[in-house]
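Multiple structures follow.
Next come two complexes built around chain A: one with chain B, the other with chain C.
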Partner chain A sequence: MSDFDFPPFYSFPPSFTRQPIEATRAKQTELWCNLIRDYCRVKRIFWLDVSKAKESNLFANPAIDRRLSDEDIQYFLSQLVARGDAQWDPDRKRCLVFWRGPSEWGEMIYQWVEKTGRNGQLLTVHEIRKGSATIGYEFHDLELDTTIKSLQALAVIGKCALVKGDSDDGLGVKFVN
Partner chain B sequence: MEHFTTCELTQAGTLATLEGEYTTASIDKVTLVTHDKKATPHVKGLLTVTTHRVVWTDPTRRRAIAAPLTALPSSLQVVDKSNPLRARVIINFGRGVRVNFESRNGPRDRERFTAAVQDACARKEWKRIAEQKAKEAAEKERMGDYVRRRAGAGGVQDRVRMQNMQRRDAINSGFASIDQLRGQAEDLVKIARLFRSKTNSSGEDNELLNMMAEMGIESPVTKEATGGNVAVYREELSRQISHFLRKRVLTVGGLMTLTDAYCLTMRNRASTELVSPEDFRAACGAFGRLKLGIEVRRLESGVLAVYIDSTKDRSGAQALCDMAMEMTSITALDVMQKRHMPIQRALAMLREAEALGYLARDETTDGLRFFPNGFDALLKSSKEGRA
Partner chain C sequence: MPPGRRPGRASIREDVRRREEMAKRGAMISAETAQHMKMQLRTFSTKLEQFAIDHKDEIQRDPAFRAKFHSMCASIGVDPLTSRKGKWSDLLGVGDYYYELAVRIIEVCVATRPTNGGIISLRELVSALRIRRTTYTENVSSDDVERALAKLNVLEGGFKVMMIGHRKVVQSVPVELSVDHTNALAISEETGYISASALREKLKWEKERIMTTLRFLLEHEIAWLDLQTSEPTYWILGLMSGSSTFT
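Right, the complex of A and B next:
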């Protein structure tokens, strides 16, 4: 896993205290949300497990001996969800972080389909995610829910049609020109 | 009225004094009329005689006009046309300015007024000050020469000895008479100022000298000058005290106990012009009525304190931010020690600065610290990094 360069904000002690003044807190929230998103992108984390994240360096900086409290982690993640960059698991123990939007992923998949001449073919979601043909592409091994969301985004603009399979992974997809 | 020109007032409505100027008489509810008895817009104001000027201040204390006594001819013509009810005095200011007193104790006010004007004209304080300045300048030149010739420890010692002698002379002759003492106190202040400018160059710690140079309300209001009129005296006192206290109260965070304020004020008036505690309290009590931007409050503990609403004043928050910048971060304890203020007040000030967006908090098990609010800059730099 690649190392993550934390921004200067991460070394500023007040960052780890939720600011009571609204104007200040708004800026703090934006900085935290950006940090969480960037961290997940570099670490290629789709599902951010709250209890695991608490153990990691994301929410604690040992160098300045500061960590976010559990409530504050919940608060900033909720803010990330509120601005549309993440989605909660129903029990709020994990958080699906969209460090790249579904339509962006969809576009990448579609470009691959066009480049490799798979237009009009029926592909399974499993093939796209795990197939040997996609090795080396960024969307290889993409998280399942995100993949489905991306394909749905493509379906909405009429670039593909989803075909029901026996399981989520067996879901079929047919790309159109 | 051609000899009268508008003159400067302080924020508190007191006269902005010239160098070495002090008030010798002030009379309330005075109307000015021209030499041909025509009415002027100058009605029922405060007439003040200083060592340099005759000043008439508008009742609202927003504007003032002054005539320099230097404009008077050498022989002062005072024509007294008073009757027992109304004092009317004409002073010859070239074409003549008639001063019309509408005061209940007319004759007494007229006497005080003419006496003060005549005294000021006789003493010619402005002349003395000009002479003194010239002398000082000459002295400085001579001293400069002297220093150049005799630099080093010996030179410094000589200089200090000389200054000590000057000071001792000033103190010795100071007790000759009260009037003289007043003049000499000025000399002391001047010596202190001189001292400060000299030691500045050697970079020594000169806190004490600074204090000495800053001492002295230039022209303390006295009961004598207001002719024993308590109401006028207290109002003038109130304005003067508020003007004097404003800066000092702000530097300690906008709150100072009344006893501290009293001591500080007394220390800064010439030693012969003390104010009784009752007068001081009454004068402070009038702050609100006179709208001087400063007020007296009873604190939770029951102690009376002089208070300035510093939330309206961003400089306090900025000063705390600068302090935090210098020390990386500050706690209420740091502010308390640096500014000599109660801890609750220190904390309240930090919160005010936080609410204004100057500081950001860092809450840990060790307590509450405040950092300069860096979120704005961090956000900007992170956006720039992204772009």
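Right, the complex of A and C next:
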């Protein structure tokens, strides 16, 4: 896993206390949301496990002996969800972080389809995510829900049609020009 | 004039004539002097112009050189910044330089305002400008920033440079800071933060005065609160180095 360079605000002690004044808190929220998103991107984390993240350096900076409280972690993650960059698992123990938007992933997948002449073919979601043909592409091993969202985004603009399968992973997709 | 004798008409006439003569001569001399000085000044001005042309690049590039050039201009009463249309700014682009710099300063102040409430140390402002690495800010000095800020003063409710403790601080919001506020801010100089106990010990304030001041700094977004210490601390981000990179 690649190293992550924490931004400067992560080294300022008050960053780890939820600010009482709304305007300051808005700025703080923006900083935390960007940090969580960037951290997940660099570490290629799709599902952020809250209890695991709590023990990681993401929410605690041992160098200055500060950490976010459980409530504040929940708060900033909820703000990330509110701005559309993440989605809660129903039990709120995990958070699916969209460090790349569905349409962005969709565009990548579509480029691969065009480049390799797979237009008009019926592919399964599993083939796209796990198939040997996509090894080396950034969307290889993409998280399942994110993949489906990305394909749905492509379907909306008429670039593919989804075909029901026996499971989510078995979902079929037919790309069109 | 001897007593008992009134001056004759002739002597009065003579007196007037002499006075007129003297005035005429005096005028001639001062006209000559003025003419001479004007010529000198013109020569000097031409030389200064030539100097400016010869050293244009250095003036633009080197802050120390620029500062010296400015003090030289100031000593003969030439202000190369006063007019954008003036020949000096045409010649050097110095007017443009400070206008452009002023624009960058505004950008930094606006961008960092959510973090520091519009209070930023001159030092941090300069380093934020340098980080941007644009033509106008790469080699900027605090002297340049102050000059550009002086230009910004034509804007109403504009930018203020003040001393807080031993530091020059730029304020870009029209909030009136009281002596209590600036005294409290000065306490953060060494550690970056203020606490109630520090204000009590160093300024001998009563509880209410302390709380009013701390509350003000929080509410005006100048201070950030840290509750993970034995007593709450109030961090003045704009006066800490590195805080301008939060954006």
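By definition in this document, the second predicted complex is superposed on the first by the 177 of 177 C-alpha atoms of A that agree within 3 Å, B and C clash if a C-alpha of one lies under 4 Å from a C-alpha of the other, contacts with A are read in each partner's own complex, and residues count from 1 in each chain.
The criterion applied here is as follows: a contact is a pair of C-beta atoms (placed from the backbone, for glycine too) under 8 Å apart; a residue touches a chain by one contact, two chains touch by 3 or more.
The model shown is predicted, which means the values in this text are computed figures rather than measured ones.
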Taking chain A as the common reference, can chain B and chain C both be placed on it without clashing, or not? Answer clash or fit. clash
Let me test your reading of the model: by the given contact rule, A:Phe16 touches which partner, first (chain B), second (chain C), both or neither? both
Contacts of A:Tyr137 with chain B and chain C, given as first, second, both or neither: neither
Report for A:Asn34: first if it touches chain B alone, second if chain C alone, otherwise both or neither. first
After overlaying the two complexes on chain A, where does the chain B footprint on chain A coincide with the chain C footprint? 7-9, 12-17, 19-21, 23-24, 27-28, 31, 65-66
Would you pull the chain C residues touching chain A in the complex into a rising list? 114-115, 193, 218-219, 221, 224-229, 233, 235, 237, 240, 242-243, 245-246
If we count contacts the way the header does, which residues on chain A are in touch with chain C in the complex? 7-9, 11-17, 19-21, 23-24, 26-28, 31, 65-67
Partner chain B, residues of chain A touching it in the complex: 7-9, 12-17, 19-21, 23-24, 27-28, 30-31, 34, 65-66
Quick one: which bits of chain B touch chain A in the complex? Just the residue numbers, please. 329, 354-355, 357, 360-364, 369, 371, 373-376, 378-379, 381-382, 385
